[in-house]
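Down below are the structures I want you to see.
The same chain A turns up in both complexes below, where it pairs with chain B and then with chain C.
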Partner chain A sequence: MFSVLRSIWIVLKHTFRKRETVQYPEEKPDLSPRYRGRIVLSRDPDGGERCVGCYLCAVACPVDCISLQATEDENGRRYPEFFRINFSRCIYCGYCEDACPTYAIQLTPDFEMAEYDRNNLVYEKEDLLISGEGKYPGYHFYKVAGLAIGGKDKGEAQNEEEPVDIHSLMP
Partner chain B sequence: MPTIYIDDNPYEVKEGKNLLDAVLSLGEDLPYFCWHPDLGSVGACRQCAVIQFQDEEDEQGRLVMACMTPASEGTRISIQHPDASQFRENVIEWLMVNHPHDCPVCDEGGECHLQDMTVMSGHNYRDFRFKKRTHRNQDLGPFINHEMNRCIACYRCVRYYRDYAGGGDLQAFAAHDHVYFGRHEDGVLESEFSGNLVEVCPTGVFTDKTLKRHYTRKWDLQSAPSICNHCGLGCNTIAGERYGTLRRILNRYNSSVNGSFLCDRGRFGYEFVNDDARILTPVMKNVETRQFEEVSEDDAVAKIAELTRDKNSVIGIGSPRASLESNFALRTLVGSNRYSSGMSNAETELVNLSRQILNDGPAHSASLKDVEKSDAVLVLGEDLTNTAPMMALAVRQAVRNQPVEKAKQAGIPEWNDNAVRELIQDEKGPLYLATPTNTKLDDVATKTYNAAPQDLARFGFAVAQFLAEESPKVIGLDEDVKSMAKSAADALKNAKRPLVISGTSLLNKSLIQSAANVAWSLCANGKKAEIALTVPEANSMGMSFLEGQGIESAFERAASDDIKTAIILENDLTRRVDSKAWNQFLKNVENIVVIDHLENETTAAADILLPAGTFADSDGTLINNEGRAQRFFQAFEDDSAVQESWRWLQGVLDLGKDTDVSDWYSLDNVFSAMTKSVDTFKGDIVVAPDAKFRINDQKIPRSPYRYSGRTAMKANVDIHVHKPPQDPDSPLSFSMEGYSGKQPSGLTSFFWSPGWNSVQSTNKYKNEVGGELRGGDPGIRLIEPKRNASPKYFTEVPEPFSPREGEWLSIPLHHIFGSEELSAKSFGLSKRAPEPYVALNPSSAEKLGLQMESRVSVKLDGTEHTLPITLHENLPDGVIGLPVGLPDFNGIPLPNWSKISGATE
Partner chain C sequence: MITSAHTVLAALGVLLGVFTIAPGLIWLERRLLAVWQDRYGPNRVGPFGILQVVADMIKIFTKEDWVPPFADKPVFIIAPTIIMLSTLMSFAVVPVGPNIGVIDMNIGLLFFLAMSSMGAYSVVLAGWASNNKYSLLGGMRGASQMISYEVFMGLSLLGVVLMNGSFNLREIVLAQEGMWNVIPQFFGFLIFLLAGLAESHRLPLDVPEAESEIIAGFHSEYSGMKFGMFFVGEYIGVTLVSAMIATLFFGGWLGPWFPPIVWMLIKTFAFICLFILLRASLPRPRYDQLLSYGWKVMLPLAILNLMVTGAIVVATTG
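== the complex of A and B ==
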């Protein structure tokens, strides 16, 4: 009998505590920039697509909800021909962001993606691409990689020497 | 068997190996770069360092390179020793100094030996903060992509390309850390085996350019064990698919067939599978408009069943590029006496003769491995590089056997590659080439003889005569030809494993007969002689097992009998018969039913056209030139109506109700029905594990467990993830689910082992390095020689060739790129195919008053072609060569007499 009364008392006491519940959607929660929500594809400082179609996000994905096809433009720069995320399967674990060697794929603090039709949760590249650099400003993969692409020849990346003249006999 | 101690544990290893080989054969991991199972050791990369101890007491030890140290009795080494592993880590660190940060955009990533070895050695953080050296790349043609920045200078590429494959146009340039591997200038790599650089290069310097056009990582490919269908050798391949298209062909190790390598036709000839000209739905010709109209599968099958109700009015024309099962289904439908092999009469006769020689004679039919192991070779008539490319590569290795034997006697182990090469220099074992014109093997030949086909056969008969009295005499042979025949006979007689190679490419019966005489006479001398006879297509030999008649005979039958319907199976007949005969045939036969996978002139003439599967989207069995039955498995299943030809025919047979085909729901049952009802197959033959085969009750997966994108790849079409397609024909699953250990040999869809993502993981699937796959090499030989049979020598020696006045004997010249029907339709290969030409020797050209750039008109069999000339120094007088299989030459029967004259344009 006593324990029942005590329980009722404890529950009643909670009536006067500060509320944890937020009046969503009228009131929006304050999320950290590192929150793992809707996935985006970001762009280089020069505006080009950051994604080089390396497939690492797809292979890191534990629910296999990313699929893409890499292709190349006439200058040798790689980009995804299509890039599809099935958000109805995504578990927002962020492994894709971890795996991405070019900072292209990033998770954002947006979680308001509910749909009445599951088909609308399939996002294509056009839906994923944002116009900015996201959380990692300044990074440009091709400035680090050794591959020559249009506008960046061999030897013009960071920490690269001029291409070797193989006819030279100098030591 | 010596015992060696690795980290104090005793292991028995095979005699005469080096430590690296022994350690890898034992299944241990030890990093390496410059060593390759087929190229031997040079000790260049310093990666496979281990600590070797003097004896049990020795605690200090010394650093040695495992690949350069023999695994002799009592050798004590430590792989785990901190000094050794530190050394290996440092070596990798130095190699990585200039290696670019390219992995995300590098096609090798995910199957890179350098990545694997870096992880294995423990070097996981880059400290180098200074400038990296860079190189400019070269354009190496349509097959190979070049990215020199990634090079770690292991020298494997030039050792493979120059020393192993005999190529001349890839070399190391410059010095120290500037060393550069490439051509002297941009240009197509000349070797027909350049594609192997993709697998030989431990990193991404040489990558597959055809794969790059539709790039997919290794882990994303759904693959199946396959058999190359671009020549008669039956090399084992792995076909990899993604998003419904075939992405690439990789080598599948099989020690008794192709070993570690493939030719460029086999590797890059796959793209016809993705061609726009693929037939995807059943169509029927509208009677009035003569246009194709789509029909349902059931309607098409029912219509064919109706047409074939009267058995006597149907003929079936099979195909040497279709599987045994499909051909057998057709044979069952039309009856064995109305079934044609789909090869010309001449070809059918030659292939049957080949099988008879291999089957009834005492000489063993040589596998590619046997060719590689032979130590004296006589080639009669075959330009191997173009007709059976991998055999040419095997012959290149065979000529090293006698000199290497000398090196062994000098105490140098065979694996010590540099030392062996230093000792033998340019010395070559005996290789006698008798071919109509010069070939790419001439540079390693002891002697070459270029003559007209019948003269080559006479040469062969002469060699046989020197070896056995009973073999017929050749009268009126030139002295120098006679002396060459004598020296060839002596070389073969003195060899341990003599080999005779001939084949069907010149369409000359006497040549094959003379080759048989040589091999049999060697057997009569007590030699274990081998004979290798090349056949034109992937299943030519299989056709001889099914005993169909030639096309011309089938056409005659269509003309004389009351034939109303012809069923043509995966065969473009316009490539095989001349247009006159073809048009006559079309007039004679009311209904043409064609089952094929690519549109061609024959499918255009069809009244009913059914879509068949290619090697990549169907299963089946092929018999190669050696008589080895091998199974290829379906790599992918798509939503179209494409299915195996035998499945279409099963539907027709089922409606016809004459034969009980109710159990033909799986390939195994069709195959066993065939072995039971066709006499040439003796009894139960097991080519591959049957569809019920399971390991731990699980199927064998077609994809690695890292296969990605499963729930997204079709989400744009349908959000629901469907059950993967079922496969009634094989124990393989269309998924990454299933038994996760190593696949059994013959069911290997991909080579992978923990820590070994590159093709080097193949070593983990073998009993020993360079040996058989665990569980035996897949495939089964259906032809075994009668060792004790006394040879029945062929006695018809042909007359010598005499040039005719005003007429020229035109002989077929084969091209690795372009002569074969399917591969020629592939994007990369089509760029390497030659333009049509006519070849003749310079003196004939001069007589006709022709210049280098002249065009001539060739009158052949009622048709006239205007072609540019190509001068072949060694082509005999009175003979011209015409390229085979190029569009302009379809259906022209060769060899044939033709007239040529300077073109009047």
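== the complex of A and C ==
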């Protein structure tokens, strides 16, 4: 009997509690920076595309929603010819972000992607590319990789030593 | 002629009032349950979401009203009307104000008890006519629950009748001028509150419906406006029990400052809110526990209350 009265009293006290509801369209939910929402392709600090077209994201994707074609520019720098994500299939698992070796593909805390037409959920490269660096500012893949491209030879990357001269006996 | 016109007007007024209160209660209940669960509830349609009522009404009126082919058709159709009719008929005897009320019956209290017993038929017939095992279980549960709680519902009110010496609800209200009946008849009030809760088969005593055990009990097979009639009937039942508690134990329309009808409405709404609070806070008892509690605890308590009241009345009046 006492417990019944106590539970009624406890419930009555909830009248003055703070509401848990987020009044969504007017009031936005507080999402963490690592929230897995809309997928973007980021750029390096110089404004070049970070994506090198390695296909690892497409392989990692469990629902096969990523489609791309790699190509190479005159400097030997790889980039995707097209990059397509079908968001009507995407399950926002974040495996593509995990798989990406160049921090190019990133998930963002944005979920407001509703469309009236299913075809509009297929995002092309222009829709995916953002102008900024996303979650990893300052990272520049070609500046830390040992790959030689136009304008940067071997040994010219950050923290990289000159290549060993195999024709010399000097240490 | 004047009196009959007055009666018709009062009847229309009460009918209109009840039919606006009952759907309003759907909104009120959803909002209040939300408040007690740290939510907002329906607050989008119209100011404070009050037009949710209209949306719900449109929805329920335009839904397909389907009678299952295996059902006992005439009984299936009659069942939901019984609960509406019996609860609406009971409102005829509720005195809303000193001169407002459909009928001034000298056996008003008995009429109320008789009509609320009629409500049991609705549950039983709906459960039977649906030709569905869960519905039958619900109907059976409803019948036994209503029969057991009807018994001490009447007994708990006899204390009030003994003290005020009348079955007429108007005279009972007037007799509470000096002191509300809830003070001398506190146990009677508690017993009637519980019995009224069981009578309107609301949560936590919604054993005939018990959606977590037997789907929706007696109204599993109902859809559209037939379901709506059960639904609205339930809310009218809650309003009726609240109005009866206000009338019998809390001095009905009596009160200072405001006009009588406002006091009646305030008191009724207070008890409706109490019913919703009980729904928000208490779990449903097991079916057999509910029945044994009724027969083994509440019935003896009601008889004891009646005997003590009777003894005091005899001793004081000589």
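As a working rule, the second predicted complex is superposed on the first by the 142 of 171 C-alpha atoms of A that agree within 3 Å, B and C clash if a C-alpha of one lies under 4 Å from a C-alpha of the other, contacts with A are read in each partner's own complex, and residues count from 1 in each chain.
Note that in this section a residue touches a chain if its C-beta (ideal position, glycine included) is under 8 Å from a C-beta of that chain, and two chains touch if they have at least 3 such contacts.
This structure is a prediction, so every number in the text was calculated from the model and none was measured.
Of the two partner chains placed by the overlay, neither chain B nor chain C lies in contact with A:62.
When both complexes are overlaid on chain A, the residue A:147 reaches chain B alone and has no touch with chain C. When the two complexes are overlaid on their common chain A, residue A:45 makes contact with neither chain B nor chain C.
Legend: residue contacts after superposition of the two complexes on their common chain; A:20 is shown touching chain C, with no touch to chain B. By the touch criterion defined above, A:8 reaches chain C but does not reach chain B. By the touch criterion defined above, A:33 lies against neither chain B nor chain C after alignment on the C-alpha atoms of chain A. By the touch criterion defined above, A:137 lies against neither chain B nor chain C after alignment on the C-alpha atoms of chain A.
Judged by the number of chain A residues each one touches, B leads among chain B and chain C. For the contact definition in use here, the chain B contact set and the chain C contact set of chain A share no residue. Across the interface of their complex, chain B is touched by residues 52-56, 58-59, 61, 63-72, 78, 84-86, 88-89, 101-102, 118-119, 121-122, 124, 141, 144-148, 154-155, 159-164, 166-169, 171 of chain A.
On the chain C side of its complex with chain A, the touching residues are 35-40, 277-278, 280-282.
The touching residues of chain B, when paired with chain A in their complex, are 100-105, 109-110, 129-137, 147, 149-150, 173-176, 178, 180, 212, 214-217, 219-220, 243, 706-713, 715-716, 719. Contact residues on chain A toward chain C in their complex (touch as defined above): 4, 7-8, 10-12, 14-15, 17-21, 23.
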